[in-house]
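By letter and in written order, the chains are A, B, C and D; residue numbering begins at 1 in each of them.
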Amino acid sequence: MTRTGVLLVSCPDQPGIVAAVTTFVAAHGGNVVDLQQHTDPSDGAFFQRVQFELTAEAAAGLAAAFAPVATSYQMGWRLRFTDERPRLALLASTEPHCLQDLLNRWRTGELAAEVAVVISNHPDHAELAAWFGVPYHHLPVIDGDRKAQEGSLQVALQAAEVELVVLARYMQVLSPDFCGTWEHRMINIHHSFLPAFQGARPYHQAHDRGVKLIGVTAHYATAALDEGPIIDQDVLRVTHRDDIDDLRRKGRDLEEAVLARAVRAHVTHHVLVYGNKTVVFDD
Amino acid sequence: MTRTGVLLVSCPDQPGIVAAVTTFVAAHGGNVVDLQQHTDPSDGAFFQRVQFELTAEAAAGLAAAFAPVATSYQMGWRLRFTDERPRLALLASTEPHCLQDLLNRWRTGELAAEVAVVISNHPDHAELAAWFGVPYHHLPVIDGDRKAQEGSLQVALQAAEVELVVLARYMQVLSPDFCGTWEHRMINIHHSFLPAFQGARPYHQAHDRGVKLIGVTAHYATAALDEGPIIDQDVLRVTHRDDIDDLRRKGRDLEEAVLARAVRAHVTHHVLVYGNKTVVFDD
Amino acid sequence: MTRTGVLLVSCPDQPGIVAAVTTFVAAHGGNVVDLQQHTDPSDGAFFQRVQFELTAEAAAGLAAAFAPVATSYQMGWRLRFTDERPRLALLASTEPHCLQDLLNRWRTGELAAEVAVVISNHPDHAELAAWFGVPYHHLPVIDGDRKAQEGSLQVALQAAEVELVVLARYMQVLSPDFCGTWEHRMINIHHSFLPAFQGARPYHQAHDRGVKLIGVTAHYATAALDEGPIIDQDVLRVTHRDDIDDLRRKGRDLEEAVLARAVRAHVTHHVLVYGNKTVVFDD
Amino acid sequence: MTRTGVLLVSCPDQPGIVAAVTTFVAAHGGNVVDLQQHTDPSDGAFFQRVQFELTAEAAAGLAAAFAPVATSYQMGWRLRFTDERPRLALLASTEPHCLQDLLNRWRTGELAAEVAVVISNHPDHAELAAWFGVPYHHLPVIDGDRKAQEGSLQVALQAAEVELVVLARYMQVLSPDFCGTWEHRMINIHHSFLPAFQGARPYHQAHDRGVKLIGVTAHYATAALDEGPIIDQDVLRVTHRDDIDDLRRKGRDLEEAVLARAVRAHVTHHVLVYGNKTVVFDD
């Protein structure tokens, strides 16, 4: 049986890293099917993604075998196999479109991940989740006690053994502690071309400024609101004819598309975070 | 002989405006070849552009004849004929690309305007302007006296009977007085997707933030730097592979394209400013 | 009570048409909120779309009142009110994505139309249609008798009082007779940038040719396969990395988007067909 | 002194190629700064681009040292150093825009190549070439003798020691022999989204068909007109408002941009041809 492994590596640059990694892969009978590498000359940082096929036996001990190589090059690294499907939690408030879009992609087999749970601070999406056969948790904020709600959320995520949290238009502000727990494992979709129009009601802000394009941004959520590492962005053209409802309508399609692309990039192990930026290798 | 007129109108909305204007045009033997109209329901503002063909005789007295119609609807309005070519000044500092691009478009007949003069605070573009046969003024800032330089600039613009000033990568900050004189008649190209990355070195700012798209914005220059009414914007995709020189290189093409589109929209009378926004009718 | 009317007009060009139509609207107390006009100078054809608000009383007799105006200018014309929602049939074969997308848009209220019925030559989408509460007809081709199946289809469409047929990835070839019956009232989505890659398996054709962009086209279906008037098209970038499954996956999003835009343009009365082309007014 | 080398490799896939190549580079003291690799699973073809820095001494003997590695893996390969600037010939007929654009990019240092000569079958561009200081050959077709003109062209290209021929809107059909001589070393820009609208007057064809996007294609010229391997393509949106002159005007900008991108990809050694397709690695 053949398995496909993905090795993501970052370390200080020096000659010989690519040779060391690919020689290691070859020595374990792996055949490289995709290799991408990036060096940032400004700070001498080295990044690499290698995808390779090998036997199940060879795959079994690979991580242990790689550890010494990693150590000798001071690597941060991650080894994953494509047959291990990451478990996702989809969080949404009232707007259903991003949630529905991701559930559709999952149902049709496009999304290389498991939707483990859908969570909302509203009851609205129970029927939808039921149709897709996914557990639904309604976790309202009661008496304004956000901390309690966040506690319930954390419990639900852990119970579902979630690896990636997707804020699919989830409009609750999350605490720095919570964001820290899910650092680089929680993706948010913000409906502006960040860093323009941070904060609330970005389509209103865009309309007021009279921009000729509106945008959306998928980024890792951090304690600093809307300032986390950007994974993907896109824009579409608007005109003076578009009122705020038009921006919302047109924006929905873009939000779905960009969030889906970012989630895909993450669950197929194409993203490396460094500082407040990302390296997103080609899919 | 047939002439083509363009009437741009803005006024408070009320029933009958389109009928009044088009009946006026028809009464003078004009044939409407393009009509676009926009109503902003949020504040009841009405905007219209009518393009029509008529005889030279009918054209001669048209403005005078329209005045009472305009008064009765409280219109702001502008009547222009396409055989009157607006006179432009192109201002550039050291970077030649936007200047060169506009001169090329003028030379090949694409630009429906006259390039009356090229002005720079540097001597760099003298040879280029000479090749195109356009007068070149080198107006340096001497001993840091920006006010004096701006005075010379104003004189040069008036001497050349300029109607539109194009800041084709002109990197001098202009005084509020100067901006006021040229209000809605001076177009700037800023190399970011405004309102993101206002001010200096926007490509550096974009690189630092790790955005996945870079943009450019053409806008009317106002006293408030980079905050004037936006005419056009566009973006292009960048990745972690692109360093600042790559952003500059890719951005140049976009700066040329967006500035050229904005100038074209202005000189063909497709732009109406209201508040800090624009209505840009389809070309 | 205020209603919103849309008048679509095409006729030979002559001076005074816009004035005649807008004067007519004003005379019935209508307030023009959007007017777009196009003249094709190559053949002197005139096209106009006027959207206006007026009282329900004024709306009642408007069509009858307009008839003489239309006659005097030899107009083809259509008058519709935005509170009359066109009834749609959605036809799909096995692929669910376009169907699901349109149903979602309808459910969230984005689509200004009624989904009257979902029809397929396969049983696959019954559960989906049921969830949305839309009648589902499974009309298989039995013993290869396409004519019989087409007859059942025609009956079902008439029974549901359908005004527009949407071929949302419906892979059955339809007879010239059927296409004639639904001329300019049946929209197809073809997964190529027509006229490139007509016919079967366009993504395979695109992959074989090594194109760097793939496209999709929404058009009115006609007897000549893939040659009807184009309503909308779009493309996305692909590379040598994309195999046919990648093209299919990326293409799905584009198919949904372009079909939805075309259906929207039609049901909001923004499309005029002339010859084998369309005038699509700005939304 | 440090030099930068680029090694382009294609061969049948097998385990260990990347390791072999990168180990070779490391053994010669090279530091990999960019590595991209592609495997086509449909036919087991392997493609790789490695960019690396090394000393001038190490660079000197590198090609000879690599030959045995190449042989053992049955590689087609090319080794180039970025300080060797490819010599280009720019060929144009009457339209100047692509020619001018490439000359500008060369003058400003953006183009990593030498413009060795400008050649036209018309006298039109002599003044332009002179201003840029590039030799200009006017090689007209005399008495319809295309073969003689092509002979002169071949002589001129060889005399100028040209490595890449750029057909920058050169409207003469070239013989199969000539195309064979310059196989994969001659880039043409065709003003349609190939394979749509092959042959003459593609903007007229596009206008007649009523497409909603127009495109351009840069490809290696082959004996089969407009059917060579595609390097890059792009499109822009048009509407019913655009007549053929509008398509030409809008298309010019796109032709310049896409041709410039394709030439850049070639002269920076990012393109591998296989069959009738290309692998274009990321820039």
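As a working rule, a residue touches a chain if its C-beta (ideal position, glycine included) is under 8 Å from a C-beta of that chain, and two chains touch if they have at least 3 such contacts.
Just so it is clear, the structure is predicted and the values come from calculations on it, not from any experiment.
Novice: I want to compare two interfaces, C-D and B-C. Which one has more contacting C-beta pairs?
Specialist: Of C-D and B-C, more C-beta pairs in contact link C-D.
Novice: To bring chain A onto chain C by a C-alpha fit, how many degrees must it turn, rounded to the nearest 5?
Specialist: 180
Novice: If you average the Cα atoms per chain, which one ends up farthest from chain D?
Specialist: Comparing chain centres, C lies farthest from chain D.
Novice: Centre to centre, by mean C-alpha position, how many angstrom separate chain B and chain C?
Specialist: Between these chains, centre-to-centre, one finds 37 Å.
Novice: Distance from the CA centroid of chain C to that of chain D, rounded to the nearest Å?
Specialist: Comparing mean C-alpha positions, chain D is 41 Å from chain C.
Novice: Which positions in chain A touch two or more other chains at once?
Specialist: Residues 38, 41, 239, 241, 282 of chain A touch two or more partner chains.
Novice: Could you please specify the touching residues of chain B with respect to chain C in the complex?
Specialist: 13-19, 22-23, 25-26, 29-39, 41, 282
Novice: Quick one: which bits of chain D touch chain B in the complex? Just the residue numbers, please.
Specialist: Touching chain B from chain D are residues 96-97, 100, 104, 108, 110, 131, 239, 241, 249, 252-253, 257, 282-283.
Novice: Which of the residues in chain D end up touching chain C in this complex?
Specialist: The touching residues are 38, 40-42, 193-197, 209-213, 215, 229-235, 239-241, 243, 276-280.
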